[in-house]
Every structure is written in C-alpha cells, then in structure tokens.
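A quick write-up on the structure given underneath.
For clarity, chains are labelled A, B, C, D and E in written order, and residue numbers in each chain start from 1.
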Amino acid sequence: MQVKETNEFKPKIVAFCCNWCSYAGADLAGTNRLQYPADVKIIRVPCSCRVNPMFILRAFQRGADGVILCGCHPGDCHYTTGNYYTRRRMTLLFSMLDYLGIEKERTRVEWVSAAEGAKFAATMNDFVATVTKLGENKRLEDLRCKAK
Amino acid sequence: MQKIGVFVCHCGTNIAATVDVKAVAEALKGEPGVVFSTDYQYMCSEAGQNLIKNSIKEYGLTGVVVCSCSPRMHEQTFRKAAQSAGINPYMVEIANIREQCSWIHKDIWSATEKAIILGKAAVAKVQLNAPLTAGESPVVKRALVIGGGIAGIQTALDIAEAGFEVDIVEKQPTIGGKMTQIDKTFPTLDCAACILTPKMVDCAQNEKIKIYSYSEVADVKGFVGNFTVKIKKKARYVDEDKCTGCGICTEKCPVKNVPNEFNMGMDNRRAIYIPFAQAVPKVATIDANYCNMLKNGKCGVCSKFCTVGAIDYKQQDTIVEEKYGAIVVATGFNPIKLDDFDEFAYSQSKDVITSLEFERLTNAAGPTSGTLLRPSDGKHPHTIVFVQCVGSRDTSGCGKTYCSKICCMYTAKHAMLTREKYPDTDVYVFYIDVRTPGKNFDEFYRRAVEEYGVHYIKGMVGKVVPRSDGTLMVQASDLLSNEQLHINADLVVLAAAIEPDKSARSLATMLTASMDTNDFFTEAHPKLRPVESPTAGIFLSGVCQGPKDIPETVSQASAAAAKVIGLLAKDKLTCNPCVAQANELMCNGCSSCEKVCPYGAITYSDKEFRMPDRTTAIRRVASVNEAVCQGCGACTVACPSGAMDLKGFSNSQIMAEVDAICK
Amino acid sequence: MFTLPVSKLNDLFAAVASTRKLYLPVDDEASGHAEYKVWHEGVTLSNALNTARSAKDFFFPQTENLVDFKMEGKTIEVIDTRTESEDFVVFGVRACDARSFDILDRVFLAEPVDSYYKNRREHGVIVTLACTRPEETCFCTVFGIDPTNPAGDVSGWIAGENLYLSANTEKGEAFLSSVSKLLAESDDEAVKAQQAEVKEILKKLPLGSLDLTPFKPENLLKLFDSKRWKDLSEACLGCGSCTFVCPTCQCYDIRDFDTGHGIKRYRCWDSCMYSDFTRMAHGNPRLTQVERFRQRFMHKLVYYPSNNEGIYSCVGCGRCLAKCPISMNIAKVIKALGEEA
Amino acid sequence: MQSEMIKRAKELLASGEVARVVGWKAGEFDYDITPGVFTTAEELDSAFLYNDLCEANLSKYMIAQSRKEGKTLVFLKPCDTYSFSQLLKEHRILRENVYVIGVPCDGKVDVDTVKATGLTGICSMTSDGETVTVKTLYGDSTMSKADAMSERCINCKSKKHVVYDELLGEEGDVVADNHRFDMVEKIEAMTPDERFEFWRNELSRCIRCNACRNVCPACSCEKCVFDNEQSGAFNKGASDSFEENMFHIIRAFHVAGRCTDCGECSRVCPQNIPLHLLNRKFIKDINELYGEYQAGENADERAPLNTFTTEDVEPSIVYERGGKQ
Amino acid sequence: MQKQDKQELILRISGVNARKCMRCGKCSATCPAYDEMEYHPHQFVYMVESGNIEPLLSSDSIYKCLTCFACVERCPRDVQPAKLIEAVRLAVIREQDKNHMKKGDLPELLDEDLPQQAIVSAFRKYTK
C-alpha cells in the first residue's frame, strides 16, 4: 500500500448511528454510492438514547474533532421514546459545552431515517466541512492522547 | 485475552476495487488479540463460511471479526457460522467496509485507511465481547381479552378456535359492547343483533372461553408470556351460577325510574335488570345506586320472587388472580360528551340527539319499539337534520383533532333508512367532507343521495335554536351556493366524535403500554406491527387503537388473535440477549432507569447486601426483566452511577470503539 | 546578612528569573487566594500570609508521569521518561512549609530513594519569608517552628522597607552570590526588632497552646482505641481536601493510562480519606470512615513521630482548618484526644 | 431559636421517639461549625448550636442515618429541605426513620466572604441578625450581615420548607425575584473565547479533592463513575486539563434536573471554584427549554431528564441561542 | 402595494393562519350578519388565503361584520375569521393615506386635557 502524506487538516469525526434508522440510512447512502469524506467513522448503537455524554467527551479526549449523533426522527424511534430522551440530553450537553467555550459546531444531532441515504451523505459532507473549518480540537483535547 | 480471527471480504470487486483488502488483513494482524487474519473473495459464500469455521477450530479462536458488508445484511449469517463452529454467536463483530467504506469512497488510500480503522474498532469491541445466551421464558398458554365488544369477542373466538384458553373481562353486565346498541350496519344494512348475538352465544358456549362480566382489571404484573392479572369482579348481588335469567325479578322490582343506559337514557329500567334480551351472560344485576334493599335495607322483593334463590344482597367485590401469556386490549370507545357544543342546543332540547340515540330510536328493541318518534312529544318528525363532524377534526380544544372515521357512513345509513321508512320526511345532511374509502362505501353514500333523495349540503351548521312551536331552527351555511340556510327541523342528529373509553388510560399505565395524546394505544409500528403494542405481549384490537368501523375492527381483532396464537403456540420465548443489566452493587435505587424505560422492564426490590464495611444493609436495587427489555439503552444513560449497562453494547465496548477510531 | 530595598524586589526577581524559573506567591483574582506562579515582568509578590495550596507541589506534584510503555505486537518497550529537572527557585515560602520539606525528605529520600522527588529537590532553591501577620488558624509554634525565623536554603524577612536575606545552606550561599550585585551587607537589628514584635502576636494565637504531650509512642494503643474517633469522624465526607492542601501528606496512587499510542504510568496524590485508598483484592483494610479518619491523624501525630525521632508530620499551617468542608480538623482532634488522655 | 430547638430535641429524645439528633456542633472559633450527631441531653447542652453561621446542609447525612436503628431527628433549613425531598424522591432516605424539624433561616454568614473583605486572624464572629461583629488578632470590626453572606444566601431561592414533620418559627415563602442566574447570563453573553478562558482559569485550579462531589446531596451514588476503574471515566488526579473538564461536565450532567441549587459545592471548594455556575446553567436551560422546574419541590413531578414532550426543542437550538460568536 | 404584500400584511395584522381552514363553513353558518354581507366570513378566509384581496378591500362587507366573534368562538380549527375581517378593515384604513394627518399637524392639536394615551396612539397611527 502506498502511503500518501498531506499537510491539509483531516478531521476525525465519530458518528454514532442508531441501528434502526440512521445506520440503515448510512447503508442506503452506500448502496446509492453517495460520497462523503472518509473522515467519518460510524459506531453502531441500538438507539440514539444509548449514547452517553461520556462517550462524546471520550471521543474528544481521544482526538476526535467532531462528534455527530444520528437517530430516528422524533416519533419514529424503534423503541418509541428513545430519541426524545436523546434530544433533551444532547440539547443540555451541547448547551453546556457551549457555555464552557467549546465550539458548539463540533457536536451535532441529526435525525436520519432509513430512507434518507441522501440526507445522511449530505449531513456528513456538511458536518465534515464545518469541522474542517474549525480546525483541530484544542479545547477538549487530552495532550497525553495527542502525543505520538 | 481473546484469540481473534479477522476475515476480510472482497465482495467480488464491491470492496476489493476501492479497498486494498490484503493491506487491511495485514494491518489488523498486529492488533492486540488477533491471532489470525485473512481475506477471501466472498465471505458469505459457503466456502467463505467454511473458512471462518475451520479457522475457529484450527486457531482456537474465541472471537471473530468479519470486515464485510453491513451487519444488517450478514451478521446473522456469520453468527450462525461461528455458532456451528462452537463459539458463541455474539462473539462475532462486523466491520462495515462496504456500505460505509468502499461504496462511498473513490480514493483507495483513504478507503483502505478507513477500512483498517473500522476493523480495529471491531477488534477492540470483540476484545470486550462476552458470550451472550438468549434467555428463555415459559409461556402461559392462556390469553386475556380486556373488553367484550365485537373486537374482544372476535379476538377471543379466534384464539379459542386455535385451542387456547382465553378470558374476557367486560366491565358491563353483558358482553357485546356498542354493537348491541346499533340497529343496522353499513353498507349492507344487515341487522347488527342478527350478526352479533350468535357470536356472543358462541363465546358463552365455548369451553375455552371464560367470561368475566361486570368485572375490571385491577392490576397487571409480569411480562410477555407470563402476566399475572388481578380481576375485580364487581358485586352484582346475584349469584351468576344460580340465576336462570328468567327475568321475573326485573318485572317485580318496585324501583322503576332508573335511566336505561342501554337505550341511552331515553327510557327507564328497574333497579335489578338484565341489559337486554340477548345479554350474555343472561344474568340479572342489581344496581346498588338505586336498590332500596341495598340502600336502606327495606324491600327484598326480587329475593322473594326469585325461584332459585340467586339474589344475594351480601355479595362483595371479589378479586380473582389469573396468569396469562398474552393480553389483548379491546377497550373500545364512547361518543364524546357534547356539553361544550351548546350551539347545537343538545342540552336544551330533547329533540337534538346523538347518532347513537338515533340508533336506539330506530331499533325495534329501543324505547319507541323501532318507530321514529321525537323524544320530546312522541310525534313523527318531518324534517330531520344530520350534522356531521361534531367534535371531530376540531383543533379549537372543544373536540378531537382526529377524524372519527365512522360518522360519514352511519349518517348516510341513518339518512337512507329514514327516507326508506318514512318517505315523507325531509332529510338534510350537513357535511364538511364526505369520506367513504371502503368497499361499497361510496356506492352506499351515492345511493342515499341518488336513490333516496337525501339532501347533502356542503357546509356546517352554525347554530340550532329551539323555538316555541317545538321546532328547531337550524342555521347553516351552504358553501356551494354561498348562502345561509335556515331550516325548521323537527329532529337534529349530531354525529358526535368518538373517543377511547376513559378506563383505557389507567389500564395503559398498568400495562405499561404507551398511548398517544388522544389516549389511543400506540402500535409497535404504525405500518408493520399495527396490532401490537410496543410493550411485548400486549396486543391491540378495535377502536382502542384508533377509530374503526365494524369490518375493520373485526379484521384487526382476528389479526391480534393471530399474533396471540403465534405467541401462545410457543412453549418458550427466546429473548434478545442484548439487554440491560443492573449491577446491584452500584445501584442507588433512584428509579431514574425505571422512569425512562418504555417497556416497564425494570423493577425494584429491597435486597440484603454485605457492604464494604462488612455490615449488612437492605438496599433498594433495580433488576431488569430480560424477557421484557428490548435493549434500547435509555436506562444506561439515565443511571448516574453507571450501574446499568447494556449487554452487547456495553459502555466499555462502545468506548473501546471510540478509542480505536480516534487513535 | 544581606539586604535589598523592597522597592528593588522586582530587580531581584528579574535577575533570578534570567537564569532559572522563579516561583513566588501571587494573588489570584478568580479564587481570591495566593498561589505560587512563575514570575515574569509585571508579577508582584502577594501580601497574603500563605498560599492556598502548599509548596509541596514543587517537589511532589499532584500528578506526574513515571514511565511510558509501548506495545508493538507481542513486545513491550519501556520508555524512561525521566529528564533532569531544570533549576528553579521558590521565593516566599513560610516557615511551616519549609519544615514540611524535612518531613517529606524523610519519606522520599530515605531508602529506597524516590528519584523523581530527589531530582526536583536537588534543583530547587527555597527562599523563605518570615511571617508578620499570622492567622488564627496558625499553630506552627506547637511543633516547635519559629515563623519569625524560617528555615530554607535562604531565610528571608521583609522588615520596614527592606528585604533581608541570610543563607543557611551551600545552595543558599550560591543563590545569594548569584545575585550579590543587588545586595548589600547588613546587620540584623531590623530583623530582630520585627521578630520580637511578631512573637508578641504569636503569644495571642488561639491554637498556640495545643498540648501535644499525650501524642507519644507509648500512648499509641490508648489513642488508637479512643472512643472519640467515632464522633469526631461522624460528619467526615471522606473527601480529600485536607490531604490535598496539606504540605506533608505524601500518599500517592500509581495508575496506568492508555493513551491509544501506549501506556503512561503516572502517579497522583491519593488520600487516606478515600474509601478506595490502599484497596486490595480483599477490600479496603480500613472499612469505615472512622478508621480512615483515625489513620490520617494517628499517622500525623503518632505513627510518623514514632519512626522519625518524635517529629510530628504536621506543621500547623492551618490550611486544613480553613478548607475542611465540615470544619473538622487536626486542632479539634488534638484537643479532643488530649482531653481524654 | 437555638434554645427552642434544644428543648424539642430533648423532649423527643426523652420520649424515645428519636434515638439521635443531627444538628450543628460548636467549634474552636465561632465559624468552624461541624455537623454532629447528638444522643444525650448533655451533649445537646454542651455543643448544640444554631445561629447565623450554621451553613452546612444536613440532608445528605440522612442517607446513612436513616438506616440506623431507631428514628433520627434532623434540623433542616428551608433550602436543605429541597435536597432532602429530592433524596426522598430518589429513594435514598428511609422517610419513616427520620423526624424532620424545619428551622427558619434568613441567610447565613460565610467566613470566606468575610475574609474576602481583607480581614485576617478572625478569632470570633457573631451575628445578631443585622450586624456581624468580627474579632481578629489585629482588632475588631463590624459589618452588616448582608455584606457577610455568601452569594447563595443573597440569591436565596426559597425560605419555604418543602418537607417537615414539625416547624419551628415562621414559615417563609419561595423567593421569586432572586438574581441567581445573573452570573450565568453574564457568562453566556461572553464570546466563546472569553468563556473558554473564564472556565479554564477556574477549572485549572481544581485539585480533584472531591469535596464538591462528596458534599453534594445529589451525588449520593454508591460508587461514583470517577472512582470506578470499569466505568471508562475513572479519573483520580485530573492529570490533564481534559480530565478537569470531563469531571465537572459529567458531574454537572449527572446532577442535572436533580440539583436543587443548594450551593454546597461552591461553599466547600477549597479552590473557590464557582461550581454552582455549572449547575445553574443546567437549571436555567431546563427552565427555559422545558418549563420551570425546581428539583426537590414536587415529589411526583418527573425529573426533566427522565421525561420529554414530543414538542421539545431540537439540540440545534444551541447553535441559535447562547452567547456571542 | 403588491397583491402578495397585501396578503402578508393582512395575515400579519390578524395573526391568522388561513391555511388551518378546512372549509366547513361553520363561521358563515353562525354569522348573524350573513345576509348583510357580500362576502361571508368563510369567503374572507379563503379569499385572503388565495390572495384575492382587492374585492374585499372595496367591499362593504368589512363594515357589516359586527365583530361579535361568533365565528371565532365556533370555528373548529381556531382560524378566527373575525380577526381576518378586522385586519382587512385595518388595511383599508391604513391605505387611505391622504386622509391621514401629517405628524407635523399633531402638536397644534394637543391640549392639556387630551389623554396621554390618545397622543401616543395618534403618533403611532399617523406616523406610519
């Protein structure tokens, strides 16, 4: 495998996707060959409500530059109510991160259904562009994890 | 430490064209725990599966990572393969390098790099995987149907037909429900009683069916396959086993002024009564609110006349406890109260009636023996106005926001029958929209207009004013001719919206079944699981789920029965092993998890613990019912101490994935 | 003895800072405390009696990396991350904290020597400052410390308009000679006058008369079995604020942190007040807060002196008195147990 | 008030209704008051204290005390009763084993506030409800009580007891027009850079002593995630600035919707970090986004994070509101 | 003013969402001034919705509405036709520019007895 080194900033993006809607939406984006940057790596969770704020902070600690959480549209949750809890939890968490001066654009929640492959790809493109513009995560970094 | 095998699939060129699969297999070799790593053309093929199986045996693998297509595609395939090679199926993780990698990236270098990272994340997760065994829970082969209307009856009959025992709990003294009060059914105009009463009798005679009439569900515990239900049998002061239903008591009872609910209060019954001739069970019931003997101990007439000694004034409410494998909710509906619609003068004039009252006025067993007469003066009405959508499609707060669905059709039926029986009557129907989606429905409605000359007027009635001559001035707008109409009517019939029975809300709480804002039970999936509640083992039948006409109700009732039969036919239920698990030592007993659980899968109990300081203490701790938990994980985040974790998607597993991705 | 006008302090700091890092107490606006900070142009010496955190951080920081591991396949590489410490000067240490270094030395410099501590200790010069306005929480005198005559490599006094400095060690001598251009020879009249004045205040200290006589090795069991521990510790929250602000508490925990690229083995302060302190496979040797609480004070007042020629491992700085969330502290313990004994 | 309290405590002890009393114990100086357990009339006479300097919230002690043999009498100030009620709601306290006497409070004098005025060597401090008299090694002075109170008392949210078995003194009311969110608003109005600077400056002082957590009535976990090696959040020494942020964000998140804003965290912080401003941010957000909610006030109401409405705002609201860009 | 602007203006003044109307006609059915009106309440709703404002502005109907709010009370969709009619009326008033006083005319008209509120509302009206 040839190695390509570039100096341009490539953000690390963690995307938590619920198994029933958003992960399927991501699959659909793939089936339709819709492009989005390889910087996005998806972690499958049963429901968006499985995502603990600790996971999001952990991602930043370990070097993520952006974290996005995708779930079923409100009202469509496979478990009927999970994403409603997610919505409250993440609203408060993001607001707190903003309060601490951490760039709020680094975190996002997006509702993506299993049919919205195009939306998934568009969302990821947009999110990667936003985070790329922000540059490296400095405010929630853990220097111990950055040192190589 | 696990011994992990990595299997990278080419998927023909689907993956291999954009991901250097050999490089992926090579890179993952160095990951901790990986003892074997290879690539292959088609992992899902039999040869590919054999490669996995053989490697498991050869290298003594304890965990398997397959880098391939989406787990939604072949996770089951690879799990089964692993299982057949002797390792736990849940020791398999999939790295999705097709849908989420090769298909969306064009650049080989970045796609390969991403595939390696996804592979590493899967390896990191599988390191922490634990063998999971799907639990099994036995199924009590008996079903409970709550509500004995046509929905409940049909469900019960179908379940019994399949050979399972089924109990019906009905709060009224007889089963039959609303359909018993209906005269004829649209669009065929066959007599409701003629088709319903045989089914009621079937219920009574079917040895698999037990009817708890005049009873209510008092408490529900347990979970799918194993519910324990307390049924409160309300005291009817008549021994059901002794009473022959001869009806002598109901003729001799001196209290004659009890409003007869069966006829919508339009005539009276006695304090001891049988709701109607075909009641099932045909047993008398004493209305304690009116019975002189029960109120002040003076009377006892019914007891004197009863030849079998069935009267028992000392009877008490009793609680029966039964076990069920499945519960069907068939609690039905009621027309809404029209108190908030004084523009229609419902409470001012006896001649403004609801459609259900109209049914009774045209029914041979009704207060007028089937002759259409005005309730106020008993005269034959010559002009009748039907008003549709009274309280339906109403966002102003007085009524219901939804369409009640059945009113268009029954109003057409009423109008048609009136014109047929009394051709001298003028019949007006005021409508907003006429909705007739159903087999032969629109034809039926058009017949009312075209053959029977019913005046359908597009527009709403603004007000109804009772006049001194006993007529009703109906002021309405005709939107098509753009004029305001004033009609002198003799009778106004209001198509009141229907709403779920009030008892449904408290029942939903007992069942931990969810409801929408209108108190209709929500279905597990609006399209694909319309007769199941999200709560496992709870099924929905009839209007309790949403407005329906009789044929729809019956088909849903049978569908619910089919689901119940499918459940009861199993001896044991296999549970989803990826369920929440409470660490009792860390649990605070705070109930946060219980509050967010959509399934009521979490319960609390006091347990004795040996504390770190070697004392014993009673602590309140959570436990998860694995048969009920569906594994969403809401509780794991609600729990501040992290005592609640989700098997298969544990905190440490997800964080290991995060770490691997962000490395 | 050397002297320098207080107005020239900045010159002295600049001269020191030109060759090595200089730390001194500075007022922190956000906390309202004085804290040790690195001097740079514009930074002024705090007037506060003492810093909120003790000076032990200079030699025994809250967390420090000990060693790194890297795993490659099946091999583990051990990377010694130790580097020679840079020279530094801490200015303005009070007598109590100066004594705390002796106490820490006895732990960390005894065999086996703690090389991390030793490295920093060897490269640090301590310039003390005598106290002039003691607080009500001060009781260093109880432990035989004279706050008007602080130890350290160099002892310092600010009396009137002048700073007086006097070297006690070779390191101190070297330090003074490095800045000798700024200093003038002086007698110790002003210092003596100030000492006499402050000693009058010291007599009035409310905790100055704490009686330590019961705290001797032969009373160990009696003190250990005292009934008072239970009620003294009843309200203890089990937090670590007393231990973390204490200049002599020296317990630490060693842990590994996986950075994703390797392991960092680090140590961090630990507190005997914590329920998981020294927890082993069988559990915690001290089961309840009573025992943990007792441990801390028995160690300071009995165990440590028993092993160290009667030197108590408390210096009476008063920080724990000011900071305990429930206002339980060593002074109350000394009184309560003293009454009993 | 103090003598009345001692009298009631003695009566209840004597009648055998309660086995012990939890209250405040006198210290070396007037201000170093320790929460204490009293079991005899003699102990009450010699050390029991209630005055304007009794700051500690005693509610959390009842988790352990209510599990002891016999009933425990506890004296609770109005704001303490909110914590107590929240703990009851979370089944942490066995109510039947506690006898609560509500005692009035019109703000407590805080020694750190007094010291911040520049006074040192404070040997004695007394309050008559209006004026605080301070005696120091370097002379005496007086100040008005309002100047000697901590921020939490100046912005008192309620003088009403939400739970009690018996009340001594006059019952007060909820204080509707407090200004407790002013500072939060000020921070919200900063630019993100300023906010980051502000919090970095504050949180970098954290020494991870756990005083805030251990005193917090909402932080009553059997095992805290930060003490649990398995939790993935284990964090003992705040070895990196990230860990300082992590600890305080997650701690605030875990008590969000449960924190009654008693202010103990900020009171006990040895580094004077204004931790209550984190909790109040959540409280303010909850009030604004999901409707007014006061933890501990209502035993039946669901905690805001344990419920939802289908009309809740989307997390993207955070991009639109909040401070400057 | 463009057709669309007028529609927007009326919708804004009234605060009515005309799209909520489901064409039941209950407003007109209940209207006591129905026979007096050229355009009836329900017509106001859908004419405004379709942007057909001109005929309404020039119709007498806007002055025939009694503002009895019967239509508002009865409307099952909470559309509030009377507010819409009121808004059309206001739009007419606002449009008759030449009838307005100039704000410069006001000071002369002021005297001590004039209520404060009237002055404020006059400024508001005439300085549009």
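As a convention for this text, contacts are C-beta pairs under 8 Å (C-beta built on N, C-alpha and C of every residue); 3 or more make two chains touch, one makes a residue touch a chain.
Chain by chain, the UniProt names read as follows: A = Hydrogenase iron-sulfur subunit.
If you're wondering where the values come from, they're calculated on a predicted model, not measured in any experiment.
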Chains touching both subunit B and subunit E: none
Minimum number of chain-to-chain contact steps, subunit A to subunit E: 2
Furthest chain, CA centroid comparison against subunit E: C
Between A-B and B-C, the pair joined by more C-beta contacts: A-B
Whole-Å separation of chain centres (CA-atom averages), subunit A against subunit D: 36
Subunit B-subunit D separation of Cα centroids, rounded to whole Å: 46
Distance from the mean Cα position of subunit E to that of subunit C, given in whole angstrom: 80
Where subunit C and subunit D are represented by their mean Cα positions, the distance between them in whole Å: 30
Residues within subunit E bordering two or more other chains: none
Residue numbers of subunit D (touch at least two other chains): 225, 231-233, 239, 305, 310
Multi-chain contact sites of subunit C, meaning residues that touch two or more partners: 257, 260-261, 275
Chains grouped in pairs wherever the two touch, ordered by label: A-B, A-C, A-D, B-C, B-D, B-E, C-D
Subunit E to subunit B touching residues, read off their complex: 20, 22-31, 34-35, 40, 42-43, 70, 74-78
Contacting residues of subunit A [partner subunit D, same complex]: 53-54, 57-58, 60-61, 74-75, 81, 84-85, 87-105, 108-109, 139-144
Touching residues (chain side subunit D, partner subunit A) in the complex: 184, 187-188, 190, 192-200, 225, 231-233, 239-243, 245-246, 249-250, 252-253, 256, 278, 281-282, 285-286, 289-290, 304-305, 308-310, 312-319, 321-323
Parts of subunit C lying in touch with subunit B, wherever the complex brings them together: 71-73, 258, 260-261, 275, 283-284, 287-288
Residues of subunit B defined as touching subunit A within the complex: 20, 23, 70-72, 96, 98-101, 103-107, 109-114, 117-118, 121, 514, 522, 534, 578, 596, 598, 630-634, 636-638, 646, 649, 651, 654-655, 657-659, 661-663
